[in-house]
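After this come two complexes, each holding subunit A, first together with subunit B and then together with subunit C.
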Partner chain A sequence: MAARSRALDSADRIYFTLAALIGSVLLVYFASVPLLGLNVAFHFYLMLWITMASAFNVASGFAGYMPFGYVAFYGIGAFTTAILVKKAAFPLFLALPLSGVAGIVLALLFAPTLRLSGIYFGIVSLALAGICRLVITNMPEQLTGGSFGLQLGSRAHPVQSFYVMMAVMVVALATILWLSRSRLGKALRATRDDADAAEMMGVNVPIVRLYGWLISAFFPAVCGGVEAWYTNVVDTETAFNTLTTAKTVIYAVAGGLGTVTGPILGAVAMVWLDELIWRQFPLLNLLILGLATIILVLFLPRGIVGTLLRKKPQWRRYIP
Partner chain B sequence: MTVAIETRGLTKRFGGLVAVDKVDLRAAAGETLGIIGVNGAGKTTLMNCICGLYRPDDGGDVFVGGERVTGQAPHVVAHRGIGRTFQVPRVFRRMSLIDNLLVPVLDRKAPDAELIGRAEAMLERMQLIDLRHNHAEELSGGQQKLLEMARMLMPDPPIVMLDEPFAGVHPVLCKFMIERIEETAHAGKAVLLISHDLTSIYRLSTRVIALNQGRIIAEGGVDDIRGNPAVIEAYLGT
Partner chain C sequence: MELLILNGLVNGLIVGGIYALVGVSLTLLYGVLRVVNFAHGEFVIAGSFLAFVLFSSFGVPPLLAVPIAAVVFFAAGWGLYYVLIPRLARSDDPELMSFLMFYGVSIAAAALLLLLFEADSRTIDYTFTPVSMQVGPIYVSTARLVALAITIVVSIALALFLFKTLPGKALRAAIMNPEAIQIMGVDIVRLSAFAFALAAALAGVTGVLIALVFPAFNPFSGAEYTIIAFIVVVLGGLGNPVGALLAGVLFGLAEQMATVFLPQAMAQIVGFVILVGTIFFRPSGILGVRFKR
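Presenting the complex of A and B:
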């Protein structure tokens, strides 16, 4: 018994050492991008997609939902920051967290749909995102800038927004790493695997799902705000683009839903592949990416990390 | 003897079908109540009503430790002290065995390390310890039954409900499970046991109820049930 507990402690030590090591390598790498004159735009979006895919994973991989309208949170975040900064002269450091709050408020409005499951939830989510887009499109032009969108003006600062994006990514990943080991995370996973059984084992399923949902909605909303700042412009066309959801889903699935490392690796691999393909075949970009996704899902149905961990169950203790 | 679990006039309809029909049952601490009946007699539905998964119809009631729990959410009923297993195992497929066992005790104040220690001891007892980091879906059917039993016992509930624990289980494993159930009853729990395996039912039960078309057609000690003409008729047909 004592020996076994010690073995567990040593597994934990390996886990935390690995996490700290990989975390600091990534941190140093991303932090030095602007300093070394590497491609800031590429890495900005890499971090954005890592954050998006990881946060999406909370709703899908942890909680078992497929929110096909995930872009709604991103879009609402983008518009919140843009409107607050442009129309209400809010400082960015206040507007960005408020974007996250807007995401949470929207998630609370959508919360009744958590009773649905599977494809029904997905379709309703998609419809709700469409409604959000319609509502914003039909708001007064003075507020949202209409079809021209909102220009944030002279506030653009690629390097500052790069580091803020990095901070958002770090907080998101830390949250998800915590979640994966927390009791809430276990409750969420149990709910995903069998909600009725979890409920009969004493899990307060509606509350647990709601927490997961809110976490999952907060980060894309902040991402939307940061991206608005970075690109300096927000319009409904890009802020509520379904392609954003599609990319998020593909990256998360490619890496492996339900693992912490999966969506990170998936985003890195696919964003890099996207960039490569885009350079070689600018016109066929989406087609080839779609094919790559299909092949990946066919051969690695659980994603890169998910498939690896299925082959090597004993690694699950070290690879979250 | 304190009554741990009791139902009064418990009824459940599915459309026109009355799956459970005015069932009154009670089990005291340390007692094992066997529940028998042909396929579709209403045994599983009865358990589903007791643990709050289904809301009973027609004003039927469920009492746990003398307190009415009718209409409460399943997680509330679970915290009142009911644990259960399922006819077809419902393990948390993509969670490790240890995490499976932690789910019913997530609300406990005890530190994680202590709970994990208890989960490991429980897996040891069920001879699943070597698989503790595997996902539950990687277990065989019989092993999943054992895992469910361990998961049920983790929070140490005063009332346990077992739905066909022996179905599809190897005889050696069966014997092992029977011993675990005996242990559980001796530990002072009220046990509700559904099984088609009459030998085990007769061996384990202090009392037995026989259900047919949702209704209790016979009730009593093992010997009363064994010779009861209504039971024989329901089981063998006329």
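Presenting the complex of A and C:
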């Protein structure tokens, strides 16, 4: 018994050392982007996608849901920040956390869908995102700016919003790192694999699922808010674009669902690839994104990290 | 007001017939293969563009485009099946992964249509003579009536095929119990390829009809039809072809009535609400019977 717990301790030590190493490399790299005069826009969106894919991973990789209407949370966050700042004259740094709260409120409204599973959950999520878009599109123009959208005025500050995005990413990654080793994370995984068995072992299945769902909804909403600040404009077409969901899902799957590093690696690889393609063949960008998705599902369904862990299952204890 | 309602009823039937065909092909695909074709709307719109190209470049009238689309899409579906599906079956959760893969197919197909035809809305400038016909007290365009006639013929042919012929019975059996049918000596791979090809052919034909019934279409219209197909399929019960035919007509009527009685914006939401409501309160569809297993 003692030997076993010592072995676990050393596994934990390697696990958290690796996590700290990856974390500090990311931190130092991103922190120095504006200082070294690197491409701020590219890295801003890289962090945004890392955050989105990682948060999506909580719903899909940990809890086993596929929310194909994930963009709803992002859109709600974007509009919350825009409306609060523009129409209610809230300071930005109050509006951004309130965007996260809006995401959580929306997630609570959608909570009854958690009793669905598989394909039904995916379809309902898609429909709910459609309803959100239509409801916001049809709100009075004085509030949401109609088809022109809302301009945030002279509040744009690329470097400041860059560092705020970085803070959001760090909090998201830390949350997921904690989650993956916490009781809640283990309960989530157990519920995903076999809800009945988990319930038998004393897991409060609905509550555990709800917590996972709320974590997964909070971060995209904040991302939507920060992005609204960064680009300075919000409209329903871009805020509720299904392509946002598509990219989030694809990046997360490319890296490997259910691991902490998977979505990070997936987002880095795919955003970089996307940028490369975009620069070379701007017209073919969408076509290649679609083809990449097909190839990914057919040849690498478990993603980069997932495939690696399947080949070397003994590494599972060490790799975050 | 009565005229408006009557108009809504007639148009509901016509549009509903189209929705029924969109739904029945998607439900066949799900029933037999257990894949969720997120790209179904793009398949359909590709049919509209085929009719457009046939007419504007070769002068082929839309009526003749129907059998051409059926053949072309059947062949394309057959080929696509062998490229996509056998490999997909190897993943951990094929059903959910199929959703993601066809998400990719949908993005790629829409992008391809965009590259070929640009973002402009297209119409087929083909007119029947007379342009419209009197149905009771109202006038309906001949193109719409022709489309309705084709819809009815295709539906009847499909029903006869599914219930009276051996391959049709094999398809239904595969939906109900894919294991048992293999014991009976049916080659499930070939049958699945056939189901995929049949669904694609139906989608292509529906696309031609859409070019007749609706004023315009563009590469992005596909997503709308995918959502409509999902609504119809869920309403009819996943994997139930008869349910899908009924649900399509019902949804067409509901949608057209909604545009009569509700403001435009609300009418759009109706479909989504029906979808969510069905899944929550009647997950096995309007017929209430589980067709699968």
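Keep in mind that, in the parts below, the second predicted complex is superposed on the first by the 319 of 320 C-alpha atoms of A that agree within 3 Å, B and C clash if a C-alpha of one lies under 4 Å from a C-alpha of the other, contacts with A are read in each partner's own complex, and residues count from 1 in each chain.
By definition in this document, a contact is a pair of C-beta atoms (placed from the backbone, for glycine too) under 8 Å apart; a residue touches a chain by one contact, two chains touch by 3 or more.
Keep in mind that what you see is a predicted model, and the values were worked out from it rather than measured.
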Touching partner for A:292 - first (subunit B), second (subunit C), both, neither: second
Touching partner for A:301 - first (subunit B), second (subunit C), both, neither: second
Touched partner set for A:154, first subunit B, second subunit C, both or neither: neither
Which superposed partner A:314 touches (first subunit B, second subunit C, both, neither): first
Greater residue coverage of subunit A in the superposed arrangement, subunit B or subunit C: C
First, second, both or neither for A:137, with subunit B first and subunit C second: second
Footprint overlap on subunit A, comparing subunit B with subunit C: none
Footprint of subunit A on subunit B - complex, ascending: 51-53, 73-75, 77-79, 83-84, 86, 90-96, 99-100, 102-104, 106-107, 112-113, 116-117, 120-121, 129, 133-135, 138, 151, 155
Complex interface listing, subunit C residues touching subunit A: 36, 84, 87-88, 90-92, 95-97, 99-101, 103-112, 114-115, 223, 227, 230, 234, 238, 265, 268-269, 272-273, 275-276, 279-280, 283
Subunit B-touching residues of subunit A, taken from the complex the two chains share: 1, 4-5, 8, 183, 186-187, 189-190, 192-194, 196-205, 258, 313-314, 316-317
Interfacial residue positions of subunit A with respect to subunit C in the complex: 66, 68, 112, 116, 118-120, 122-124, 126-128, 130-131, 134-135, 137-138, 242-243, 246, 249-250, 253, 283-287, 289-294, 296-299, 301-302
